Amino acid sequence: MASETVPTTGRRRSVEGKPTFAVAFTALFLFVLYVPIVVVVLFSFNSKKSLSVFGGFSTRWYQDFFNDEGLLSSLRASLFISTVTMLCSIVLGTMLALALERVTSRPARITGTVALIPLVTPEIVTGVAALLFFTGLGMKLSLTTVIIAEITFSISYVAVIVRGRLSSMSDEVEEAARDLGCTPFQALRLVVLPTILPALIAAGLLIFALVFDDFILAFFTTGIDPQPLSVRIYSEIRMTISPAINAVGTCMLLVSVLLISLSLVVPRLLGRKDSSLDLISGG
Amino acid sequence: MSLQVEDALVDLAKEKRRSPTRTRLWNVLLAPPALWMLVFFISSVTIVVLLSFGHVGDTGKPVFGFSLDNYKALSDPVYLKVFIRSAVFAIATTAISLVLGYPVAYTIALHGGKYKNALIAFLVIPFFASYLIRMYAWSTLLADEGLINQLLRDTGLSSGIRFLNTPGAVIAGLVYGSIVFMVLPIYASLERMDTALIEAGKDLYHSPLQTFFAVTVPATRAGMLGGVLLVFLPALGDFVSAQLLGGPSTYMIGNLIQQQFFEGQNQPLGSALTVVLMLALLIFMVFYLRATQRVNREK
Amino acid sequence: MTEPRLSMNRRDFLRGSFGVGAAAALAACGFSGGSSTPSASSNASSAAPMAQAKVDGDLIYYSWADYCDPAVKAGFKSKYGVNIVETNYDGYAGMLAKIQAGNAYDVVLPGARYVELMRKQGLIQKLDKSQFKNADQLFGWGSYFDNPWYDPNSDYSTPFSMWTTGIAYRKDKVTTAQGSWNDLWNEQAKGHIYVLDEDDEAIGMAALKLGLDVNTANPDDLAKIKDVLISQKPYLRAYSTDDINNMASGNAWIHHSWSGDFLNFIKTQATDPTQWVYELPKEGAPLNSDAWVIPTNAPHPGTALLWLDWLMQPDNVAKNIDYLGYPLLTKTGPDLYAKAASAYPSLAVDVSKVVNPTVYKNHDPADQAARNAVWTEVKAA
Amino acid sequence: MTDQISAATGASDVTSQTPAIELIGLTKKFGDTTVVDHLSLDIRRGEFFSLLGPSGCGKTTTLRMIAGFSDATEGRILLGGQDVTSVQPHKRNVNTVFQSYALFDHLDVEGNVGFGLKRKGLDKSEISRRVNDMLELVDLGGRKSAKPRELSGGQKQRVALARALVNRPEVLLLDEPLAALDLKLRHRMQVELKEIQREVGITFVFVTHDQDEALTLSDRIAIMNNGVIEQCGTPEDVYERPKTVFAAGFIGTSNLMTGTYSAGAVTVAPGLRVELPGHPELIDGSTASIAIRPEKIWIADFEPDMVRVHGTVAATVYHGATTQYLVNISPEIQLTVVEQNLVRSHHDDRWSDGDSVEIGWKPEHVVVIG
């Protein structure tokens, strides 16, 4: 580990003292991060079909995008997959997190831990397994199969984020609810869940974004219903790409900015100190 | 009775103090996710393992069996080469992400001030836009006649550099795709770190550098280990980066598996490859867990 | 090879992970070729009446990405008031895998040998040509495709486009081209050479260079092909089917390329078209075609028939030739194409040559597996 | 469960004589470890009752069993004469103030305090009236719409108290509610707590490890150790008349001496007999432990009937209002003596280390422990 950090030594000195160099490095880092984003946005307004030569300003690719039923249906499909996956994995993942935090019997604990394995399994393994499972069962590959695979992949992410929040919540909060007249289920519904709501929002946003952008699982499990956007983009990149893709990318970027802003603002609206972003970065 | 024993008892009491009526709710809650994972994950992984002992039938469809042929085929040096290449790529990706990501996390966490959240948001936004499109944008930028090479030529710095279709490009793609998962856990652990530690360290060690290695790095080891896991695992199974940015000799395990399922039409061989990948990860996880346990013990 | 009976294995497996309940569900399907869904349903459909050309739902479309003029699609949508639900593949093998996995499309565009394969596996349905208003554009004017090798009487498919596979290169970078497959080993362009990422194309190219049959499955031949392909790797930039973009980005100086893509590139993307040459190597060049088919499990075969008919309509043919850069196999197609490609004699496609030995053919499973293995090992090396 | 309750209601006539809480042979085992051991106890109505003991003594477990968070392994719990041993927590008419306050972060002060009433299904105006009254009582009338994170520690504590009290439980359980407050605030809250208890007249069961707190607040105290009650009584009882060595040692500082009793004196060290008049119950030759509070030992101005012992000052610690002397009366025995620094005392009046002194106490201030 130490040897890997050696190249940064020159930087480190100034970080501990005056952070000029570190700030410059971070600025450069963010700049490099944004270079392709700028290219995508810029070329989405290119009047030429070229992806390397900028001809002039035009919105033709946006028109293409909004008139391209294929792309639009892929976009709708991806939104649908992400939304359903988000909702289902939040429900199942939260159940898992609660159970992991609370069950005491050994078999239950083992079961709960096993359910976290997808977290340390590369997507391609999950994808291959899902594909073989679905084709083996004779299930038609469709948005449903993509959603099932994505949920399987997402449950453990939600569980880990939510569990992090749960473990920082005193047991006494729940006992207080019971004390004040709640049944175990009411305590869960009226107190525990509202308390961990920021973590649920954070997990939801993260899952939405991960699933929306996920390619590998979708690639293995998608059927013929409109394909998820990532799969369509992949096949376009592999074959002949249309600059309309840049328009798609720009729109996705806008949505992403919106989501992130929401994650910053929503917890504040709910009067919470811990923003969802902290939880994302903490998870 | 010694105080330690009492503490242990208090802990024990905490651990087991739930009443049976309450435990039932938790078991009820555990059932749906557990059942889901059993049906859609455990059993499907079981199919992969079983199919890895099968072969391709006469109609080109996979058939179960009990043969080790696929594993024998994998002993071919060609496959070993791919496994080693994948491991090297994944390790390089992780190391580079750590070296580049740490200073960024450090700067934002300790010098971000009131812009901390905004900076993190700024950092995360690109990762929520399509990875594939960003990759494609890079490949146009770094093309032989792309913008960057044009700049290099115009400024006379170089007659052109071949960036794409090299092992370096594949690793860069992987780093670009997952470095945020290195930055965020490190950032979180730096945030949680008591900055008084650094102040204390400055009194103890004469140079800031020594302070950094003696105080900051150990205090954020958990974050770094988290980041390592989040970067290494996807990198090892990736096939997109090699597909879009790689050259003729940058095939990774992911590409091989993908090919067996979608081109080579040899699902049993693909399953065997998947099983071997899982085993490799199992070994990695054993070492990883040992490392994290050591960190926890030190705490 | 001793192979334990599948049914037993499957039962063992079920006992292990599912229990009895799921057994019934699994028994109906599965991994064996034997009684699995596609062939079973094909028997059913051959007895069933053939589909009628009338709108019976949206068109589930499965083809290469961007392999149809958007105007043609738009015209179809507005004429019949249906949507086109488009899905793309990036290689025939992947396309077949998806269809075998049970995905149901209305129209698919496989290469010729895949048409034959799918027909034999019962994956596609017989077409009633009387349903096509424009049938005369495609058949009955002395076209070879009245009775092509892959589909007797074109009972199951309507031919679409044709192409040669050759070598595209830049004159400004490459001055030592020999008009041979050896050009893909050109020293001047070392590191800037692309080979198509398709098993048939790569193996076929190596076979032609070695003077072998493009369809060879002979172990000695395959060993030589493997060696020669591996020997080529130091020269290569990458394996890729994205020839148009590789040429446009400047990364490719020499590209193993499809004739239609080359023309498309010259017309729409090349900064200086005069720099580019498309050569047909003297050892021979693969000449192949594709055709539209309607899968057996197509949910809307009626709309599918309308789509095939729509593509035969002369104005649509003209639009597609202009957009794609490929000759389409209708009565007017070859002439329109000849005009479009007149500046590049090497792009000429002689329909009469389509029965030549460089057409990719099907193999028995063992031979196919051997060819696949070669390609896997070349890619992995 | 419902049957059980109604049966219990029918069986017992709730009168003012019925104790608020009866614990009968209450036992809690975690595995092989017994945390509460056959504990029996009656807590009277309207009483401020403290469970005092070191951490791990079983006091919190006892409280949790009363609240219903923890199941009794053996024994019974009666609330107002009804057996609630197996009744779920939300159906017991007790409320708890938690050590961590356990406020609901997502609700404001009003929502927190009104939570229990809302669960009971009271109508809105009634809830709002009672919440307002209760917030006035705990002096938080102006902070109704504050979120818990905006409150100070003391305010949180009062919200927690109000949230429990507003339900008018039969019994209020308090689990070290003041432990998280700083010293000054803790003292102020002790006073407030006592006042509030007097005002509402509800039975308080107060768990603490702080003897001062227990002595200040309680009507009665039960000192617990190793899962059993060592002594139960008024603060004066347990302070002045500890019944066990543990009780004597746990509350305040006690000078403990053990030896053989004979002829009106205890031999606490070879050659050192300490007179012990007025204890006819002691038999010659038996072992006796005696305890004397430091402030009950005089170091000057003796009165005639006092028992006196010679010793040497080993250390002097000045505490402002008091001065503490450590006096060796034998090589093994060191007694703590606390003297008030009265107006008349002068600095140079005091003893210094090494001084030879005589100390003495009144016989009635000596407590003999079994």
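In order of appearance the chains are A, B, C and D, and numbering begins at 1 in each one.
What we mean here is this: a contact is a pair of C-beta atoms (placed from the backbone, for glycine too) under 8 Å apart; a residue touches a chain by one contact, two chains touch by 3 or more.
All values reported here derive from a predicted model rather than from experimental measurement.
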**Request:** Supply the minimal count of touching-chain steps required to go from subunit A to subunit D.
**Result:** 1
**Item:** From subunit B, the most remote chain by mean C-alpha position
**Value:** D
**Complete:** Taking the mean of all protein C-alpha atoms as the centre, the chain whose own C-alpha mean lies closest is A
**Message:** Counting C-beta pairs in contact, which chain pair has more, A-B or A-C?
**Reply:** A-B
**Message:** How many angstrom lie between the centres of subunit A and subunit B, each centre taken as the mean Cα position?
**Reply:** 15
**Request:** Provide the C-alpha centroid distance between subunit B and subunit C, rounded to the nearest whole angstrom.
**Result:** 36
**Prompt:** CA centre of subunit B versus CA centre of subunit D: separation in Å?
**Reply:** 55
**Junction residues of subunit C - those touching two or more other chains** = 31, 36, 249-250
**Asked** By residue number and range, which residues of subunit B touch two or more other chains?
**Response** 16, 21, 42-43, 47, 51, 140, 143, 145-146, 261, 267
**Prompt:** Multi-chain contacts in subunit A: which residues touch at least two other chains?
**Reply:** 51-52, 131, 136, 234, 237-238, 241
**Prompt:** Touching subunit B in the complex: which residues of subunit C?
**Reply:** 1, 3-4, 6, 9-10, 13, 16-18, 31-34, 36, 91, 93-94, 96-97, 100, 121, 191-192, 195, 199, 232-233, 236-239, 249-251, 365, 368-369, 372-373, 375-377, 379-381
**Prompt:** So in the complex, which bits of subunit C are touching subunit A?
**Reply:** 25-26, 28-31, 36-37, 60, 62, 64-67, 70, 74, 77, 83-90, 98, 101-105, 241-242, 244-245, 248-250, 261, 264, 268-269, 271
**Item:** List of subunit D residues in touch with subunit A within their complex
**Value:** 67-69, 88-90, 94-96, 98-100, 102-107, 115-116, 119-120, 147, 149, 163-164, 167
**Prompt:** Can you list the subunit B residues touching subunit A in their complex?
**Reply:** 14-16, 18, 21-23, 25-27, 29-30, 32-34, 36-37, 40-45, 47-48, 51, 95, 98-100, 102-104, 106-108, 110-111, 117, 119-138, 140-141, 143, 145-147, 184-185, 187-188, 191, 198, 202, 207-209, 211-213, 217, 224, 229, 233-234, 236-240, 243-244, 253-254, 257-258, 261, 267, 270-271, 274, 277-278, 281, 285
**Item:** List of subunit B residues in touch with subunit C within their complex
**Value:** 42-43, 46-47, 50-51, 54-67, 76, 78-79, 81-82, 139-140, 143-146, 162, 164-165, 246-249, 251, 255-256, 259-267
